[in-house]
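What follows are several structures.
Okay, so chain A shows up in both of these, paired with chain B first and chain C after.
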Partner chain A sequence: MAENVGGGGGRGESAGDKAREEFFSEAQEIVDGLSRDLLALDDVCRRGGSDAELVNDVFRAVHTLKGLSGLFGAAMMSGLSHELENLLDDLRLGRIELTSQVLDLLFQSVELYGRILAAAKGDAPEPAPEVKALLAALGQVAQQKGGGGGSVVAQYELDPGLLGVLTEYEEHRLRTNLQAGLSLYRMRVQFQLATIDSALDDLKAKTRPHGEIITFLPTGEGGDAESVELEILVASRANLGVLRGAVAGPNISVEEVRRRDGASNPLASIPPPPLDDRSRERDQTDPYGGVSMSPPTTSGGDALLDEINAAGAGATRTSAPPPAPSFPPGPGGQLGTFPPGGIPGMPVPGIAAGGAGAAAQGASGGSGATQRELTLRSVTQTVRVDIRKLDHLMNIVGELAIVRGVVARLSERVRLDPDLKEIAPDLHRLHRSFDRHLAQMQNGILEVRMVPLGQVFDKLARIVRQISREHDKQVNLVITGAETEIDKLIVEELSDPLMHMIRNAIDHGIEDKDERMRVGKPAVGTIALNAFQKGNHVVLEIEDDGKGMDPKVILAAALRRGLVTESEAREMSDKEVLTLVFQPGFTTRDDVTALSGRGVGMDIVKTNISKLGGVVDISSEVGIGTKMTITLPITLAIISVLMLEVAGRTFCMPLASVEEAIVFDDAMIKTFEGREVMTQRGATLPIARLAKLFQLEGWRPGVWINESAPTPKPPEVRPGRKAKSYCVVATVADRRVGFIVDRLVGQQDIVIKALGKSLKKARGLAGATELGDQRVGLVLDAAALINEVLASSTEGRIAGALEGPRSPKTGIDPRDARSDGGMS
Partner chain B sequence: MKALVSRRGEGRSALQRADELGKRAEYLAFMLGTEAYAIQIGNIVEILKPLPITEVPRADPEVVGVMSVRGRLVTVVDLKRRFRLTRSFTMDKKSRILLVDAADELIGLLVDEVLQVYRLAESEVEPPQVLGTEQPPHVVGIGRPAGGAVLLLLDLAPLFLD
Partner chain C sequence: MRAILEDPASAAAMGAVEVTEAQSGFDAMRLLPRARYDLIITDINMPDVNGLELIHFIRKSEQYRTTPLVIISTQATERDVERGRKLGADAYVPKPFAPELMRETCARLLGTARPVSDG
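== the complex of A and B ==
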């Protein structure tokens, strides 16, 4: 039971927790794999083919999930897995067709698995109604099986060779009888050629009261010059015993043809032991015959088979040969009379059958073992690590970096001290080596944190399929750059925003088929998902070839919702208009008619991306398509920063956002309507004075140090001489702002840590880091600051008019997510 | 989640909470200016001598800044400013920072002096209502340990809900 899982965790033995964690991650991994396989299957299916191997993979995944969830008492998951397994088994054995309806169910179940897992972790409510609905749907599909005649026959372990030679009528009779629920028996009868006609008639007469003989065929074996062996298929309502009694006679064996799902009497289903002619003729009561067919052995064998199956290879079931009709018949009618215990250690001839069976089982057992071995191997090659542990390691690296700084200072002091000159070179070398190894370690940990974006893309592919079906639009998802790596934490946070954007692209962007044909586009819409690395950033593009976003429509919608005023609207560029979709509350939904609307939750998308230190941009052309570009930092953990000083305080500006830093002079400034701008490289650059932005009054280090000082260190007053200042040009996406600072201190790699919730109000800060000598340096959130500066200048321009609806500016608060992300 | 916590906080009367706290609980007493306060010792992770604290622009006025305690960032809050006992910020030799676990983060409470640990019996705790009917939620009672000290007992959770 999923809730049990949760409860168990609450009680919290650490070993149990750990096991649970592993369960979650393993289950998640399997579900992800399942999703990939299903997508591949979907692909194959759409091309009109089918791939037994893939179906098998899916089956195995579900089977493993079932085992896992059973182990952890996750009843909901195990129940779902059980039903799915049945469905997949039917699929595998061709009892049902792989229709898109079935695929839908499979996709749904993958989604439900995700939700069940989330629920078990306590992140979400349990999707109980959905699971129930899905189970019901699965049940329906299961009932549909057997609707086609062939599938009924397929349920029986009949030699395909035999089925192949049935006449159409015989096949029809077989089908009809089986559909009517009759049992199927296989008789093997040895006829003397001389008397075959009468003997056969005799047999027919004996059988008739109990059932219908569907066919008789020579087995081509077990006969000799004077005799022939026939295999007779009989459909009957009677049970095995009755039938046996009715036809009892020498050289006759009767067995039930098992259904593949094993619904049969194990005793009856065991193939008779192969006896060579001599022994058969010599002695019908030959006790050797009992050896391999005693029930204990049988059930033992079944148990073994089950175990092997349970060990993860559903495939073993198919690989086990059907009870071969090719087995020579045993002594007729004697099967039931052997002592059930069998005779232990009995040598041939029983061994022949046992041996064949063992070989069969050995083969399947062997493949099971191979499976197991493979699984083991993959486990030993990869280790699942909680990202928090990596954070912890990263923190240690951060502290070591501080030690490194101290050592560097010491080394410098030693070098300058004439008394210690001798050890100076050694210390220096030591420091260098420490430095190098620390950097390697840092990179190593960073590398471990990196995961390919493909993880998210797989999920998205599933969503594309689902949404496009919901909307009855055909969409082709083209993915490039799935191998691009990004910090695991970012990947986790990315899936929801990306899903929103994809949903919007299908919902609002891609036109329906008729419309597309009308405007001369291919009927199938395309959504391209591209990822690539660009410096310290990863760029993600979501591009659709839909109808694009019409600025006029967006503006109209924004006006109607009071997001902009008329006067603002007149001054907005098309690009500015597009960004209106990121405003909270923006939607064009009201006027569904003929409007290309977007913006369902786009404000959330933007907020989420901002939390990750990224930005979203839109470009769109009406009738051609829309492209959303997300720019994200590769990692949240370690960043290179430019250390700068403003009014005595030290801040860190992420180097990734710094375009350049130039010496600044007040004379460079021009003002337009109160906004300060300067010209840089021939372009207008809005500038912001960081001291003013942060309202830093007076020059002081901004660090309270209390060692022996009775009162806080008084702010140092700087000599009156006008110092140089600098302009740090920061860019995020295509937005640029010059930040005026007093001093550039230098460049440094830092481990960025989240500020606590209590500092939520301090906007414009991405986090903080330790600078050495125990001081903390604040890291600026360049994206937020740039947006703030540009937004406030817009507001300045159209002063006052937008107090109301616009005031909830696209709230950018990077600390939110990060403090939750366990970066401390 | 937050709403839940606060609702639970409202659900219990101050007296009830004092009761819960009152079963011979151990309190750490400290000074804010001239007034003596105490919080349950279980809330306190560590008592620190002040480390360098970096001020944070745009933070609430009661926030002194952030400091790093063995690699963890801690927001330091001046309880005196929080309680509006003072406007200016002081730190001296006796100043201590009480590291407390509050609402998903580590918070440092800057106090002027740490006094001692008191074990208070239920009988030694007066309900906050003696101070007047309307008391802020973080005031859970008045401790009167033997020896004549008078301590205002604080519950930290309501202080850091928003």
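== the complex of A and C ==
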């Protein structure tokens, strides 16, 4: 990346913390990219191929990391990067081979980068011993390197000026391609600077199927302020016609770079007749005849250039500089004969390694305002934002939503007031407009929070590779839906649970190779990681083709550990048995492996996922495989809820969990196996009375339930009519329960707030929200409620559990919520 | 880099500067003619147009043939740096470098070096 310093208007900005923070996020981004490239490289290698471009990408990433970390005094990172860069340099220059051992080292490095970054942020101790071990291993590999190949480059009619600007790597690629017998082509292309990026990408895409682009060289000819001419060197197996056809365009010329006839006769001094005028001009002034066949060294020095210069000088002593070519060859054959930039008279400044250069031109006043405006345009279009800032914005939107509610009520009052009738329409319009813009703002903020799940999938891919190697099981990870977007905060919290599940899948699921062969499965196991959006939810599936989970084994293990009783065990369906793995302390293993089996896996997975408002489901078939399905809300920041009233209190049921709401009548209740159920569209639906779940049953219209706390007005009941109630059918994953409520208030978007300390342990509640009239609505945790209802054999049992005021499982009395000041 | 050069410490060394970042070699080529820059800093390992090619290009332009030009890169590419020097670069600052070194180098090239108290 080139950076320019211009003198002029000063802007003093403190670098300190902000720069450091940016360093972290930038380094993290690079490490993530590195990880992706390595995985791709691993994939290529396993298929027996190689990808010079990928190796170079990896090299460049480490190179950048090294620069960054050096800048910020991150010594450990910088040291690691330095060694790694050496290794990668050797790799890309073909001095060492990309073996699986080398790949392992590279993967370890990515792992360590992550830990070093965590340590630098203060989240973990520095992995000093590991880094030391890796550095030693890197050193060993470096010693194994062999020499590079001999040169064939000199056999081609290449401008020494061109060769003079090739980096060592590009030179290596050129040499490798020529050694492989590819032909060399020179394209001259005129680009508009404004569109060069896309035009270049286009050209690259057209060229790639036919060969490799070695370098792009601005010729400095034929261009003006708005356009530039590039000379592009391409190595290809295709013939000239094919290549010309592939890249054909108005401003493109393609010609072959010919081998000097000297290839077979190293001392022949006359180059073959050139193809067109331009190249003739160059060839005539390119007086190289002899070609040295001695192999150049692969590192340091400028052997190749020396070689060519020497050859040129030896053959003809033409000293007059050529008239037109872009790179005048030096008049003599020694190093240093290239005038800087081909401009005679330019003093060659000394370069001190310490960075002290020649004292030079004074800083001039600098650019005018218009020019500055132009230059500002090209700075990057993205900004990094701390998620807490977005949370803050979202909270403000939440407050505004409350204001909106108040305005709505006000507008309604004004409408009904005959004195104010005149302003009513205006107020109404204002309210509508406010409403619309607020919704847009909310969506905008939400959009910013969304990141693709691919971020976490990349990490998982690395883990799969590592675990499967440790375990000597071959596993293929197939990812779909990596582009599915989800709240950044959720992504952060997902990696641990997903890692657990993947470890389990490899450790317990995928059989070893021999066993797989025996049962007729492919030797390589497959773990599929699928993500897709489903309404307001994101569904994640982790599916393996391993040996599946045997309900009998699980039940036996659960019995052994006393997680279920014999009688409970007899009653359980296979699906219920599978969910036992989510019980704390569950494990089928008596031996603890390095990977899993400590019995602290799946219950934590479940807890973590439910903290995110999600649920985990298992389905498994013995011998076929296991599928875990995680259903998560897209965002935690804001949710749409259905407002309900139960016993005069307002509750919010997340709309995402609401399937439908129907008018309910006690006559619809049936009792089935001691549970209250109703039939809904031919299916049996377990029902639960929310009032009973939350101990609000004592409440009757017009009756005070608590003398100390004023009770909201009871719903109006017209005389002679029975109070209507409603059944809200909630579903989470494939579980459904109908909750009986008194009244449906309506739908609203709310910003959910965490419950204060005293309510934190309350089950069945996800949080609370302000309703805008100084009242608080409790947000129901649909998943927890449904599980609670379904897990109890009778509704009475949970109700009983909820009623015990001092029991640790105590449900809470939402009456407390009003006076509780502990909302955050 | 921007942080280093726009830091108040750098103003002490060479006066206030305004930094423009180019995203790539082409971006640099696009930016250069549009303003008058007093100093150019480039890496060597860059995608597409490499640093050497960029230097070559810069030195051919009438406007920038004598503008101070600094290479920042690693010791690993010694040969490339040497080529950069031959193409007309004025200084080479190996990465990783201390911010002070960068500031000092720029200040010297800009001829604005002034005595700075230690540290």
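What we mean here is this: the second predicted complex is superposed on the first by the 494 of 824 C-alpha atoms of A that agree within 3 Å, B and C clash if a C-alpha of one lies under 4 Å from a C-alpha of the other, contacts with A are read in each partner's own complex, and residues count from 1 in each chain.
In this text, a residue touches a chain if its C-beta (ideal position, glycine included) is under 8 Å from a C-beta of that chain, and two chains touch if they have at least 3 such contacts.
From a predicted model like this one, the values you see are computed outputs, not experimental measurements.
Of the two partner chains placed by superposition, only chain C is touched by A:60; chain B is not. When both complexes are overlaid on chain A, the residue A:142 reaches neither chain B nor chain C.
In the superposed model, A:776 makes contact with chain B only, not with chain C. Taking chain B and chain C in turn and counting the residues of chain A each one touches, the greater count comes from C.
In the superposed model, A:761 lies in contact with chain B only, and not with chain C.
With both structures placed on the common chain, the touch criterion links A:399 to chain B but leaves chain C unconnected. Of the two partner chains placed around the shared chain by superposition, neither chain B nor chain C is touched by A:622. Once both structures are placed on chain A, no chain A residue is touched by chain B and, in the other complex, by chain C. Within the complex formed with chain A, the chain C residues making contact are 1-8, 11, 14-61, 65-68, 70, 72, 74, 76-80, 82-83, 85-97, 99, 101-102, 104-106, 108-113.
By the touch criterion given at the top, residues 49-60, 63-68, 70-75, 77, 89-93, 95, 103-107, 160 of chain B touch chain A in their complex. For chain A in complex with chain B, the touching residues are 395-396, 398-399, 649, 694-696, 702-706, 708-712, 753-759, 761-765, 768, 770, 773-778, 819, 824. Every residue of chain A that touches chain C in the complex is listed here, in rising order: 1-15, 18-19, 22, 59-60, 63, 66-67, 69-71, 78, 85-86, 89, 161, 164-170, 193-194, 196-197, 200, 215-218, 220, 225, 228, 230, 299-302, 326-327, 335-336, 338, 340-343, 346, 348-349, 351-364, 366-367, 371-372, 374-376, 378-380.
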